[in-house]
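We just call them A, B and C in the order they show up, numbering each chain from 1.
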Amino acid sequence: MDTLDITALPPAALNRKKKISIWKKSPSLNAGVVMVGLVLIFAGLPGLIAAFSPTSQDADHILEAPSLAHPFGTDNFGRDVFARVVHGTRIDLTIGLLATLVPFITGSLIGLIAGYYGKWVDSVLMRILDIFMAFPFIVLVIAIVAILGPGLNNLYIAIWLVGWKDYARLVRSEVMVAKNAEYVQAAKILGFGDLRILLRHILPNVLSVSIVFAAADVVMCMLSGASLSFLGLGVQPPTPEWGAIISEGRAYLSQAWWICAFPGLALVFAGTGFSLLGDGLSDLLRTKGR
Amino acid sequence: MEQLNYILKRTLQIIPVLFFVTILIFVMMRLIPGDPASVMLGDKATPELLKQVQARMGLDKPYLVQYLIFLRNLLSFDFGNSLLYVVPVSQLLAKRIVVTLTLTIMAAIFVIVISFPLGYLAGRKKDRLPDQIIRTSALVALSMPQFWLGILCLLLFGLKLRWFPVGGWGSDWGEHLRSLVLPAFTEALATSALMIRNLRNNVVDVARSDYVDFARSKGLKESVVRSRHIVRNALISTVTLLALRIGGMLGGAVIIETVFALPGVGSLMVQSVFSRDYSVVQAVVFMFASLVLVVNLITDVSYSFLDPRVKLE
Amino acid sequence: MLKSRKSLRTGAVLLAAVMLVTSMAAAMAQGKIKSPIVISRPADSDNLDYVMQDGNVNIWMFNLTLEGLVKSSDDGTKIEPMLADSWDISKDMLTYTFHLKKGLKFSDGTPVTGADWVFSLTRARDAKGSAWAFSLEGIKEIKAPNDTTVVITLIKPWAPILADLAMFNASVTSKAYFEKVGAEGFSQKPIGTGPYAITEWKKGEYILFDKNQYYWRPGLPKTPQIKVTVVADDNTRMLQLQAGDVDATTFVPWNRMAELNGVALPSTETRYIQMNSTKKVLSDVRVRQALDMATDKASMSKLILFGYGEPAKGFMAKSGPFWNAGLKTNPYDPAKAKKLLADAGYPDGFDVTITVPSGNTVNASIATVLKEQWSKVGVKVTIQTLEAATLTPAYKRLELDITLRAWTNDMVDASQQVDYACVYANIKNFSTGWQDAKVEKLAADAKSELDNNKRKAMYYQIQELYQQAMPMVTLFHVPYPVAMNKKLKGFVQTPLGNYRFENLVLEK
């Protein structure tokens, strides 16, 4: 592997040509944009789409199966599940994006630095990461709820505190490979500075793994509302949020499958949209990076 | 030699990290409102009664003394007594670690069996039908909450088909393994979905990267190019991801354990945090930390085996 | 495609191996026959030392293994003889002489001696850190002149003494055994004269009870072995019942009762809205009364208990003694509530926070319904979820506005509940911060009043005064939801919650 392959440095013209073809050739990116766009419309104008209020109860119409009046049925308080799912969009979108974005940025940066500089920088950063990894999330969550109080904002803090470690380790492992790759070695020989090499040559190549993970992470963060609600973190009832609706509906799985199924479908839809978008973006980045 | 040195150095680095974890967990448990005596007594806790129970639990001692007792116990591989159950923590933990370890291993096998072939296939057939099907199914799998999937599995394979028991752990190893299949599958599915996505993109990435072109241009056989370059390179971040997930599973899968009524470490930890059973929480966190650190070490070392270009430093 | 084929092949082989192992295991498992009666519950016991523990997860199990001088009847209304056949009470009402059955033995085969009685009752009264010591604090001296006589002397006349002695903490255990295994060992495996003995306790999994070979009642217990398992997830617990893996399950979710042919057993459980009277808004009795009137309890009980509970009358347990059936309570009347709020200076209502423990679906549901109902009188509710161990100290320090509470009696007497609800020094009157000297004096007097009719009048009056002051809104009386195999007979749970399984049997 001592031979340097100078052709690994991409000519600019080729770069541009590839970029255009990606837009044309990437059905995933296009589909992703359309799906996320739809989610954004639901999030922006829930009142126009849903006829009922997401919180008003009706003791005479509980656990009703999907019908024309209630396309997604009603829940155990007689609330319209369709209205709850539609109104939940904005909250879930915010949770998914906010909870993912911060760890994505901080984690990727830490991984980049640790992987590239290696030696003691890597050791120190990775041992700090070890502490965060070795400390059970649940204990941290309970401590945060106890000290800062319950609610959605503190859910973000909990996820931000621990979410970065996945990105950091993923990016670091990629950087450790990439920094020994031919094109980086060549750039070093050509005398480029660390910053330029990191940002122009390594980052675009290693970031794709981070983006692909982040796209899936959006879904997992939306679900965390459901899995952490038993600790008091996440939205407080009766706020409609997909994870919380699923979590509340599980008691009625045998009687009213629709309470869980429709917010679940909404999650799948939004998740697919973000993942396609993520895949498309990472394709784009990879072509740009070389 | 270089590798041995590295392993030795990393092993030694585990000690300060563990030390820090013991301080962190000790301080955090005492910062959280509520103490084991008041949780145990609940509403009936009059101030006098509270003092008596606290004294019985050894909570009347200064914090520093309590911490030193904890450290001393750790060094003698004894975790002390559970404050709530009044039995040695090691006795509570021993069996649960077996459950969690077996579950994790089985889930990891499922993950590998499901995701490696599918991820590789999707990457090789990028944007074609197999890729689309695999990616979409992975997304659906990812978006399914575990408790929901778990109940569906129990309903179908437990109640209707009777292939597997409806939760529980059984009484011999045959029953143990049988009762772990559904939870391990449920646990594995979301991780598999993540891994499939990761692996697919890595395969796509590496397959069209310059060194693969270069390897081909050197006239290497296609099969060699694939096994030596594509698979190995694609595996690096995938192994990282798997290790991260295994690390998480070792801490106990609380939801899985609850849904499948498994006596694992996770539910013990959550219960103990809820009941503020300091000695159990401290012991579980210490065990978990040690396991995670070892997994991390193995992962880091495995990089250099997977890709000789990665230098251990 | 070499590599991919290879990895696919490896995958298939691994998968096949897993399948093989598990199907073999399945075949092995089918050869087994289920022998014990299996009963599941959502949470495990934590400490079985009946004097030192606290919590229904422990208390409700004690009647399987432990017995005392007297017991509460199965319907929870009166005191019946247990190990004592009869008793004499001195004229000054200070000395109780119990005449015991002859030839009693513990489940380890050793005879019950007078020394065991003195040891057990003394420990129950004096143990430091026992949450139940209060029940025997009226006892001056415990003596056993011989192995079949126990003499108890009181400090002063004490009306609930027999009810106190019927509680689990006044059970008899073997002094020799206790000294042999020590307090820690005892908390794992207490022994008594009850129909069953604990043979195995796997924490968080199950407790195995085996028939007590030396049980004094001939022909009992009817079933040789009972296994009480723990399955925290409601759905899974119900699935196991449907699959026939368990014979009975407790704490059936209310919405599943009809589907599973559940039975609602009479209980002393009552649910409340606990209002913090030290908060400015809630310190006004008109506001508290208004909140009571603004709560549509009938509709709520339909939504949450699916018709299995009933709106409560007064704060005391309906199945317990001295419950005032004729108590006048507020009807649901939002218009009057609004007027009362206006009188109190809140014509537009006010903001209030209801804090519920996380993971408690019933309480979360109650709060959700309250938010909707109270909004009709202008009261804006914010719901806040807190982990229980964080929530309890907060409401005990009177930091929260409103919390929700459930209560079950532990004894066949009103005094325990009244002490907690009306005597401030105990627990700030269920952490409401409300105080009333008149009610407190009545509560104290009722405990030493020996005339049953006078006692009854006192407790009735306490309930009326409590209703007027309204420190808590009483929501409903809630039964115990149990579902079981149709062939299971003899399942007894008393209104106090105690399980009694000596007649439990699975019919062929």
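Going forward, a contact is a pair of C-beta atoms (placed from the backbone, for glycine too) under 8 Å apart; a residue touches a chain by one contact, two chains touch by 3 or more.
Here the structure is a predicted model, which is why all the values come from computation and not from measurement.
Put simply, the chain closest to the centre of the protein, by Cα centroids, is B. Among the pairs A-B and A-C, the greater number of C-beta contacts is found at A-B. Measuring from the averaged C-alpha position of chain B to that of chain C gives a distance of 37 Å. Centre to centre, using the average C-alpha position, chain A and chain B are separated by 21 Å. Centroids built from CA atoms put chain C at 44 Å from chain A. Residue numbers of chain B whose C-beta contacts span two or more other chains: 32-34, 147, 151, 274.
Residue positions of chain C touching 2 or more other chains: 235, 387, 390. Looking at chain A, one finds that residues 142, 146, 250, 253 touch two or more other chains. Taken together, the chain C residues at the contact with chain A in this complex read 234-235, 238, 253, 255-256, 259, 299, 302-303, 358-359, 361, 364-365, 367-369, 371-372, 382-387, 390.
Contacts from chain A toward chain C in the complex involve residues 55-57, 59, 62-63, 76-77, 142, 145-146, 149-151, 229-232, 236-238, 248, 250-255. Remark: chain C residues 2-4, 7-8, 11, 14-15, 18, 21-22, 24-26, 28-29, 46-47, 54-55, 128-129, 131, 183-184, 187-188, 202-205, 229-233, 235-237, 239-240, 242-243, 245, 387-390, 392-394, 396, 420, 425-427, 430-431 touch chain B in the complex. Note for the complex: chain B touches chain A at residues 13-14, 16-18, 20-21, 24-25, 28-29, 31-34, 127, 135-136, 139-140, 142-148, 151, 190, 193-194, 197-198, 201-202, 205, 210-211, 214, 233, 236-237, 239-241, 243-244, 247-248, 251, 254-255, 266, 269-270, 273-274, 281, 284-285, 288-290, 292-293, 296, 303, 307-311, 313.
Every residue of chain B that touches chain C in the complex is listed here, in rising order: 32-34, 38-46, 49, 52-53, 55-56, 81, 84-87, 92, 95-96, 106, 109-110, 112-114, 116-117, 120-121, 124, 147, 151, 154-155, 158-159, 162-170, 172-175, 177-178, 181, 223, 226-227, 230-231, 258-261, 263, 267-268, 271, 274-276.
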